[in-house]
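Heads up, the next two complexes both have chain A, just with different partners, chain B and then chain C.
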Partner chain A sequence: MMYPWRGEFTLGSQDSQIAIDTLSSKMDFPPELVAIWGQHKTENLGIEKIVANVVSNPNIRYLFLCGEEVRGHRSGQSLMSLHANGIDGNGRIIGANGAVPYIENIGSEAIARFREQVELICMIGETHLPAIVKRIHEIAAARKPPIGEPLIMEFAERRTSERMKSLSGKISFHKDLLVDPYLDVEVMEAEKC
Partner chain B sequence: MKVEVLEATKSKRLVKDPYGFFTIFVDKPRKEIVVEFYEQVTKDEDDKFATGKLGLVLCGTTAEAICHTIAREELVSRFDHAAYLGRELQKAEIALKHKLNYTQDEELVLKPKK
Partner chain C sequence: MLNFSTEQAIVELGDIRLGGQPGQLPTVLFGTAFFGKKYASPDAAALEEIREFIRAQEALSGMTGNPAIVDIYLGDCESIPGRLELVLEELPKNRFISVDVPESDVRRKVIEYAGQVGISHRIILNSLNLAAESGELDALREHPPGCAILLGYNPKDFSVDGRIDMLETGAGYLEKGLLELSQELGIKNVLLDMGATPFEHSAAETLRAIPVMKNKWGRPVGCAIHNTVESWLWMKQYRKDHKSEYLACDAGSNALPVMLGADFCVYGPIRNSGTVFPFVAMVDKFMAEGAEDYFGITQDDNHPRRKLG
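This part shows the complex of A and B:
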């Protein structure tokens, strides 16, 4: 399983219905029990990444929040608010207490799907691994069917140096060639010579 | 010839780059450094708080190549920002090569010799 938005998360079982957000705590889980887990530090970009990756895997039906809350950012509380309330017209997560709880990079379709797809299991503040694993086993017993098709955030391939169209900063060594300071050589177009 | 000698000092305040900001992490399974460039998005009236609009994702294995790409793409406007990225990307490259944990803005913890 390749998740669309890359990050510092760990992958476990493709069949698991459980994702785990460990907030500011570094924790590891038995890979056969959990689909994906990792830390989550920010109340905006971090939440966006979680939502984008969760909705790409219809098997994920439960999202655990555990570990220590992130001071200032209130990332866990903000994610719970997004799930409970969604966003307002300015992209602000309704009810979030984080410093900058705004959603910019994912659409309303993904947010609606996220809210429908997963049930949040709030264990914020819990860092005792056996307690979390015990809850995972309990939740795993109540298996739900996958929800619809994957909703994938697309990343377009971009040609390198697409923005380097001007001649500024380049050195001409030859009437037909330009070399920029990074030694990328390109053929000059006839009208530029 | 007289040449001044200046003692290096750390700047006391961070000035945001109006072009945007970067998040950096090491994708261990794919053995790559990943850099996400976000354009600043201001959400309050006094321009104090901002989030970001994802503008570009850069992937590579060396700090040198990623720094050169950032410069070519003109993603920074401040010298201190460029210097910061150089430091962070070099840390990320060392972490990638030596299988260490890299966290942006945190000290790189080297494994003790056995």
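This part shows the complex of A and C:
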């Protein structure tokens, strides 16, 4: 399945080799020129979605970064750092200045493939659509072959704890917190004293 | 509605008190100023608008009894003095202000600036988190703020246990947990923020963590649950033509942590105070009545229960 991770994106031509990250700016592009585009707010989960979706389409060989940078999160700078440097042993994007630039839900295989698959076209700060479209035309002329097979990263299922059930009429919130809705108030006040 | 068997600390920040048992004190509401493109390089009109938002939040706080904190978004170093000065001009002299600073290097500068101008004791650092770098920690040690929000966000594990791990041990990202770290840095007051996550990223664990952490540590807890609503994909489309419905969901989300025992809510843009304050005041009234009916906890005259008959 192409683009397996849900997100705020628009799909264009499946044959296009261009994906566009518009960062905090809302933009639309001619669908015949671009495979997928959308905004990108966060320097962790947002980057994971972009990587997972890009590697699912081997036709994508160029990733444009344009629009206004996301203040504080530095999502564009963080994505460029991931592409240039990868992550350290703790999952931190090396060289990223964003608030919490950690990659935890996609594996090293996907990151390596992403770094090999796409060339970044940095136009961070550019919001003038004609200037970006002009650059798209220039890049589209230098067509690269697809990079092989799609790499599909399944969206990591939420971690679930061991299934719990309420015990002896108590309500279970968590393994460390059971609530007794019928607790005698007198007993409780005695405990407080 | 609920009561914890562990003793619940009450934290005093200037003229504001928060914590205690659910229903005891009104929920403290943090409204964020200067967030959004419009305020990145604000002109005179935008600055005046910010002042009006702060005054409106103060007026709503006075009316409902829900204490208000101005949370100042700071995305760069250049804006630090101007924004802090503007907000301080609008507030009582002993009121704390919160500084919402995503980047560690900018946090360092804010902490240093606050120390230089003598307002460290009125600062709530939002937040001390896993991305704190050595320069920031050195600045904190030299100029400890009056309060810090400790962020339970743990990118490796969004479960309640993962969030607890961040506060207790540092979850492998830090050499020690944020609780111990804040103590070492000399920060006297801390608030625990569960670190709201989006839907399908264990959003409900943000809420579950509220009673679990409050029960575990007996300290004030809260979160910015509106972020979960803001990042909801379906809502991003729906809100384009249904702004008032979106604002209802945005404000309404704050009921969830408060019902589970939260002491504070970081409710998002300060311009939304008009919707959020009456809503949370209403929830506080339910919680207060429930606390008295069943646990004998009473409220003073400044509680929404008393002020908003």
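One rule holds for everything that comes next: the second predicted complex is superposed on the first by the 152 of 193 C-alpha atoms of A that agree within 3 Å, B and C clash if a C-alpha of one lies under 4 Å from a C-alpha of the other, contacts with A are read in each partner's own complex, and residues count from 1 in each chain.
Operating definition for what follows: contacts are C-beta pairs under 8 Å (C-beta built on N, C-alpha and C of every residue); 3 or more make two chains touch, one makes a residue touch a chain.
No experiment lies behind these values; they were computed from the predicted model shown.
> Look at A:E8 in the shared chain and tell me whether it touches chain B only, chain C only, both, or neither; answer first, second, both or neither.
Both chain B and chain C are touched by A:E8.
> Once the shared chain is lined up, is A:G98 touching chain B (first), chain C (second), both, or neither of them?
second
> Examine A:V133 and indicate which partner it touches, taking first as chain B and second as chain C; both and neither are also allowed.
Neither: A:V133 stays clear of chain B and chain C.
> Thinking of the overlay built on chain A, is A:S24 touched by chain B (first), by chain C (second), by both, or by neither?
second
> Name the contact category of A:I121: first (chain B only), second (chain C only), both, or neither.
The answer is neither, since A:I121 touches no partner chain.
> Would you check which partner chain A:I147 touches, where first means chain B only, second means chain C only, and both and neither mean what they say?
So A:I147 meets neither chain B nor chain C here.
> In the overlaid three-chain picture, which partner chain does A:H73 touch, first (chain B) or second (chain C), both, or neither?
second
> State whether A:N90 touches chain B only (first), chain C only (second), both chains, or neither.
both
> Applying the document's definition of touching, compare chain B and chain C: which contacts more of chain A?
Result: the larger residue contact count on chain A belongs to C.
> Please write out, lowest number first, the residues of chain A touched by both chain B and chain C across the two complexes.
Residues common to the chain A contacts of chain C and of chain B are 6-8, 44-45, 90-91, 99-100, 102, 104, 155, 158, 161, listed in rising order.
> Which of the residues in chain A end up touching chain B in this complex?
Of all residues in chain A, those touching chain B are 6-8, 11, 44-45, 90-92, 99-100, 102, 104-105, 155, 158, 160-161, 163-164, 180, 182, 184.
> Contact residues on chain B for chain A in the complex?
Residue list for chain B touching chain A: 23, 25-27, 29-30, 34, 38, 41, 43, 49-54, 56-57, 68-69, 71-74.
> Considering the complex alone, what residue numbers of chain C touch chain A?
Per the stated touch rule, the residues are 2-3, 5, 37, 40, 73, 75-76, 101-103, 105, 129-131, 153, 155-162, 172-173, 198, 200-202, 208, 211-212, 215-216, 231, 233, 236, 294-296.
> Please name which positions on chain A make contact with chain C in the complex.
6-8, 24, 41, 44-45, 68, 71-74, 90-91, 97-104, 155, 158-159, 161, 173-174, 176-177, 179, 185, 188-189, 191
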